[in-house]
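Presented sequentially are two complexes of chain A, the first with chain B as partner and the second with chain C.
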Partner chain A sequence: MTLLLVALGLLVASGTAALLCRRSPRAANLIGAGGAAAACALGLIPAVVGLGGGEAKFDLAWPVPGGSLSLAIDPLTAFFLLPLFALCGLAAVYGAGYLGGRPGRRSPGAPWFFFNWLVAGMVVVVTARNAVLFLLAWEVMSLASYFLVTHEDERPEVREAGWTYLVATHFGNACLIALFALLGPRSLDFADFAPAAPAGLLFVLALIGFGTKAGFVPLHVWLPEAHPAAPSHVSAVMSGVMIKMGIYGLLRTLTWLGPPPLWWGGLLIGIGAASGLFAVLFALAQGDLKRLLAYSSVENTSIIALGLGVGLVGLHTGTPGVAILGFAGALLHVWTHALGKGLLFLGAGAVLHATGTREMDRLGGLSRSMPLTSATFLVGAAAVAGLPPLSGFFSEFLILYGAVQHAGLHSLAAMVALALMSGLAAAVFVRAFGSVFLGAARDGTVRGAHDPGAAMRAPLAILAPALLVLGLATPVLVPALAPVVEQLVSLPAQRDLDAASAPLAVVVLGSVVLMALVALIAGGRRLLLAGRTVGSAVTWDCGYAHPTARMQYTASSFAQPLTALFGPVLRTRETADAPRGLFPDAVSFATRTPDAVRERVWRPLFAHVSGALHAMHRLQHGRLHLYVISIALTLVVLLLWRLS
Partner chain B sequence: MSGYAGLFAALVLAPLLPGVINRTKSFFAGRRGPPLLQPYFDLAKLLRKGAVYSTTTTWLFRAGPVVGLAAMIVASALAPFGGVSAPLAFAGDFLFFAGLLGVTRFVTMLAALDTGSSFEGMGASREAQFAALAEPAFLLGLTAVAWKTGGLSLSGMLGTNSFATWSGATAPLALVCVSLLVVFLAENARIPVDDPNTHLELTMFHEVMVLDHGGPDLALIQYAAALKMWVLGSLVVGIALPVRSLAHGWAFAASVAGMLVLCVIVGVVESCLARLRLTRVPQLLLGAGVLSLLALFIGLK
Partner chain C sequence: MNSWIDAVLVLITLTSLVLLGASRLGTSIRMVALQGVLLSPLPLLLAGPSGFGPRAAMLAVATVLIKGLGFPWLMARAVRGGSQRREMDPRVGYNASLLAGVLLMVVAFLLSSRLPLPPGEGTPLVLPVALFNILAGMFVIASRRQAITQVLGYLVMENGIYVFGVGIASHQPLLVELGILLDVFAAVFVMGIVIFHMGRELDHTDTDRLTLLNDWQKEKE
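For the complex of A and B:
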């Protein structure tokens, strides 16, 4: 516990020091990144210890009404602290290279201040044991990330993204305040919660409040705006761990609500299925690499929701085996996605850094000039697409394995959704990797691209093998999650998790055989080709021996059959300037797929609301003395009401 | 007879399957056709050649066939054959099986995109589309069998397949058979989804993705494709044939015969049907998914 408090202190102090260090951008960068990285390294120790079970506490009186400064680490907290510290530490190292490598711009002090406060906010969110403290930390996390999103606020689309994020996050916060008010009419300490409302209502409030942060459709609208706008190491942290805070909140709330009725699981599966399919289709239609990754994050939190749904249904129907598999799969996916998506955003940042563009249709052939970024991005893509032997496969395996064992409509819906999503996710990542890193550059701007500096390379080189190790370690890891799962299902879980690790061990065996075979066949192939003529020529294009880079399939053309098939959902807009005349000169073609929910639900809704509130403008007349009078009148009325 | 006999049969006999299909097609066309063992000769010839690589390609292009074949060999070790358990049988192995098919597809598509050829990009794009639609049909079909037989592994589902299983669940098993047959045709790029003969037409997807591969690489790809046909076929045959009712030796022989009959059926289908229009293929695959779903609903009761 002491180490965690030291880490928190270090985060706050180094962030503030970086902000004050106005003279020297170099020093600000060093202090901010160094403080964050050191704090994260320190914090990993109590997180690992906490995962084993037991609870470490810290309590301090706090003069805020209803509040108390109580922090604790239990297995659930430790489970979320671990990826938080791991990814934030690596992102800090990466950020040092990312922000430090651009001299002449404004001082990196402010972004480091907000970054370190964001990390500190998230740490307090998962350790807080008092509602006031929790909400305060939640707000710190939201605001710090808002200022990070709007870091490049000279660009109008960034300001727009920040605004969307601010509105969405406070919509969620409003639900959370209501949730905690209903949970703790007597005491706002987590330990003394006595729900004053039907559990169903509380569940729905939590689902909306925390779902906004986790990015469930239709509350996901801020994600595809905010993620591309933020600097890449911030996107990695936001996507990898910050949206998981929503999952953490949901899980923590479930531990207060008692046994779940069937419809909770059904609702989560329904949301997970709808949201996952929606997001994976939109990911497929995006032309912007970071927007694509943001939609993929929505898809992956939906997979987590599906796992939780299967778990809740299993709990209700009295099949603990299914429940434990569902929860374990969802939990494992939290880690998988934290590392995998963190890696992908950092890789996308390296691409952006090297080429200055996120448009996939302009990129291509980067695997030659950026070998490390390309190889690590490939690992991340395969892991997030759920391919063995990387960790993404194992978490989806656990969820599906649980669903298969429960012959019912709910699990069937989860299976259909997961099966469709996994095929589409593979298409998304083949498309993303293929159009950015393979083939030839489609645009002159990418020439001269190269791998980033050491500070940005190191996190990539650490995260990619971590995904393989995490996958291969699952037979040991899953039984070790027993304390966390037991906290969620209030049932002994060790036996079921041990049983689940048996098939996982065979998958690992199969994966090891797979890798051995790859080595064997590769060796055989090399032996066969040794001493033979191995020539090189241009790509075979059916006799037309002058292929140009512009003839390649682009990211848009790759996705076209699927986007056409799902056209009614996607509503991709095409603007074409068709060739005219005998000697056409300039032609153009562009597609754009704006978010359907944003365009068709939220935009009209907000337009309506703002129209209805137009009358209120009359109150905003700018005459100060009238404002003062109205304030005084309000106070008098309140005073009279209080006295009467 | 242990499960290794099935694996051995897969590794040795797989290239025979395209040979049988070609002979059937030749028979319908009134030709004598290539020898049954022609695919083996082709493999032997390709393995003896050198290679030419496109200047656009990177290490991924060379790794694609290697990883693809390795994944298919592991998948062969998961598929039961002749009513005995597979060497690597475990609860939930069909999910791993689907994952391995996914790995092969993933690396094949990447190797295709690595060439920068518009043809191969087109093939990869179509492969991605059809695979995404075939996956639910495949997984749901096998889940239906799992719910019916109570087995959670491929070996548990197919190894216990007897006349009693069939008479107890004729409708769902028949539905799954049809659904998996469609998946089999789509995944192996056969008519009515794809025409394996027309590798320069704009209509096809699998052959065009490997347009730039040659020599030993192409041999690896063709062998992996044959293995894929064998393992997916053995699932269809395993569900269709209640081999558990036979003695082990006979069950094995019956399964081999079943594989050959399956190939003859594929040959007949290819001789009698035209390839579907590309935009029709998703409907076929979604239809297969619906059949699997129907089988599951019947299983639910």
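For the complex of A and C:
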């Protein structure tokens, strides 16, 4: 616990110091990133210890009404602390290269200040054992990330994204305040909660409040805006860890609410299925790499929601196997997605850094000029898309394995949705990887691209093998999750998890054999080609004399069959200037897929609210004397009324 | 003793009335200064023979220094910074303002007749005079356009509160009284500086035209 407190202190101190270093951007960068990385390294120790089941506590009186400074590490907290510290530390190292590599811009002090506060806020969120402290940390986390999203506030679309995020996050916060007020009318300490309202209402409040942060459709609207706007290492932290705070909150709330009725699980499965399919389709239609990753994040939290839903259904029906596997799958997916999506955002940042664009239709062929970024992106994509032997496959497998054991409509829906999502997610990442890294550069600006500097390379080179190890070690890891799962289901989980890890081992073994085969074939090919000249020529061009790189299959064309199929949902807008005549001039074609929920639900809703409130503007006329007269009149009338 | 208190209170009321009818900024400032000086013996008189100590004396001296000398000096300086010498085009004319002042006095007496005072505190005139000054100050703020007159209105209102304070709660600690004085001083100090610079930059201190600085109206245009 002491180490955790030291880490927290280090985060706050180094962030503040970086802010004060106005004179020297280099020093600010070094202090901010160094402090964050050191604190995260320190924090990993109590996290690992806590995962083993060791409980640590820290209590201090606090003069705030209802508040107490009580922090604790239990297995659930430690489970979330581990990816938090791992990813944030690596993102800090990456950020040092990302922010430091652009001299002449504004000082990196402010972004480091907010980054370190964001990390500290998240640490307190998962360790807090008092509602006031929790809400305070939650707000620190939300505000710090808001300022990070609006880092490049000279661009209007960034300011717009910032507003969207701020509104969405405070909408969620309002629900959370209501939730905790209803949970703790007697005491605001987590240990003494005595719910004063029906558990169903509390569950819905938690679902809205935490779901806004986790990004469940239709509350996801801030994600596709905020992630592309933020600097890449911040996107990685926000997508990898911060949205998981929503999942953490939901899990923590479930431990207070008692036995779940069937509809909770059904609702979560419904939300997971709807929001996952929605998000994966929109990911498929996006042309912006980081926006695609943001939609994929929504899809992955939906998979987690599906797992939780299966778990809750299992708890209700009294089938421990289903419950344990559902929760274990959801938890494993938290780790997978934290590391995988973190890696992908860092990789996307490297691409953006090298080429200056996020438009996939302009990129291409980067696997030759950026081999490291390309290889690590591939690993991350495979993990997030759920391909074996990476852990994304195993978490989805666990959820499906649990769902299969429960015969019912709920689990059937979960299985169908999960299968469809995995297929589409694979298409999403084939498209993303193929159009960015394979083929040839579609745009001249891309040609000079190269792998980033050492500070940005190192996190990529660490995260990718870590993901691979996480995947291969799943059969060992899943039984080790028993303390966390037991905390959630209040049932002995060790036996079921041990049983579940047997089929996982088979998959790992098969994958290893397959990988060895591939390596063997690749080695054989190299051996055969050794000593011979290898030439390269253009692919057959149908007799056309001058093929250019622009004629390649683009990301849009790859997705077209699927986007056409799901056209009614996506409503992609096409603006085309078709070729005319025998010798056509310049032509153009552009597609844009705005978020359906944003366009058709939130925008009209906010327009109505704004219109309804417009009448209030007349009260804000700015004429001081009228304000004073109204105050004076009110006072006099009140006095006369009360004194009569 | 009571006749002295009443005399001071009447004089304070008269200065407020003069302020309501004054068109020149110089006269208005002098009236507020006079009012500040008139306020100073109140703590001594109202405290009675028992409270006639260093506490009351200190408060009296501070009042003269800040309300009688400090504020008028700040205001006069602000007037010199701008080009305005008189209150131009008030929303309510000077004669009408005087009439309104009389009406406000009626309201003040009406209110105070219904407000029961703790026995043995001050004289029956304390409450109506305090209320009248508060209302008159508000009226000046609402009816004048010049920023400087509005600050003067604020001071008159504040003086009303001061009369109320020393009259009703003469036993409150010196620190509270001095703290309030310091607050007002800080506020007027800031306002004086703002008006001084406004007069230099904008060549007017017309608060109506200042509403153009408002944010959302600019958006609308």
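Just so we're on the same page, the second predicted complex is superposed on the first by the 601 of 644 C-alpha atoms of A that agree within 3 Å, B and C clash if a C-alpha of one lies under 4 Å from a C-alpha of the other, contacts with A are read in each partner's own complex, and residues count from 1 in each chain.
In this text, contacts are C-beta pairs under 8 Å (C-beta built on N, C-alpha and C of every residue); 3 or more make two chains touch, one makes a residue touch a chain.
Bear in mind that the values here come from a model prediction, so they are computed numbers and not experimental data.
Student: Does chain A have more residues touched by chain B or by chain C?
Tutor: It is B that touches the greater number of chain A residues.
Student: Of the partners chain B and chain C, which touch A:V64 in the superposed model: first, second, both, neither?
Tutor: In the superposition, A:V64 contacts neither chain B nor chain C.
Student: Quick check on the superposed pair: does A:H621 touch chain B, chain C, both, or neither? Answer first, second, both or neither.
Tutor: Second partner only, chain C.
Student: Classify the contacts of A:L640 with the two partner chains as first (chain B alone), second (chain C alone), both, or neither.
Tutor: second
Student: A:V469 in the overlay: touching chain B, chain C, both, or neither? Say first, second, both or neither.
Tutor: In the superposed model, A:V469 contacts neither chain B nor chain C.
Student: For chain A, what residues appear in both contact lists, the one with chain B and the one with chain C?
Tutor: none
Student: Given the complex with chain C, which residues does chain A contribute to the contact?
Tutor: Touch list, chain A to chain C: 617, 620-626, 628-629, 631-632, 636, 639-640, 643-644.
Student: Under the stated contact criterion, what part of chain C meets chain A in this complex?
Tutor: Those in contact with chain A are residues 91, 107, 110-111, 114-115, 135, 138-139, 141-143, 150, 207-208, 211, 214, 216-217.
Student: What residues of chain A sit close enough to touch chain B in their complex?
Tutor: Residues of chain A touching chain B: 364-365, 367-368, 378, 382, 385-388, 393, 397, 400-401, 404-405, 407-409, 412, 415-416, 419-420, 422-424, 426-427, 430-431, 433-435, 438-440, 502-503, 506-507, 509-510, 513-515, 517-518, 520-522, 525, 528-529, 532-542, 547, 549, 551-553, 557-562, 565.
Student: Per the contact definition, I'd like the list of chain B residues that touch chain A in the complex.
Tutor: 47, 49-58, 60, 62-63, 66-67, 69-71, 73-74, 77-78, 88, 90-93, 95-96, 99-100, 102-103, 105-106, 109-110, 113-122, 124-126, 128-129, 131-136, 138-140, 143, 146-147, 152, 200, 211-212, 215-217, 220, 278, 282, 293, 296, 299-300
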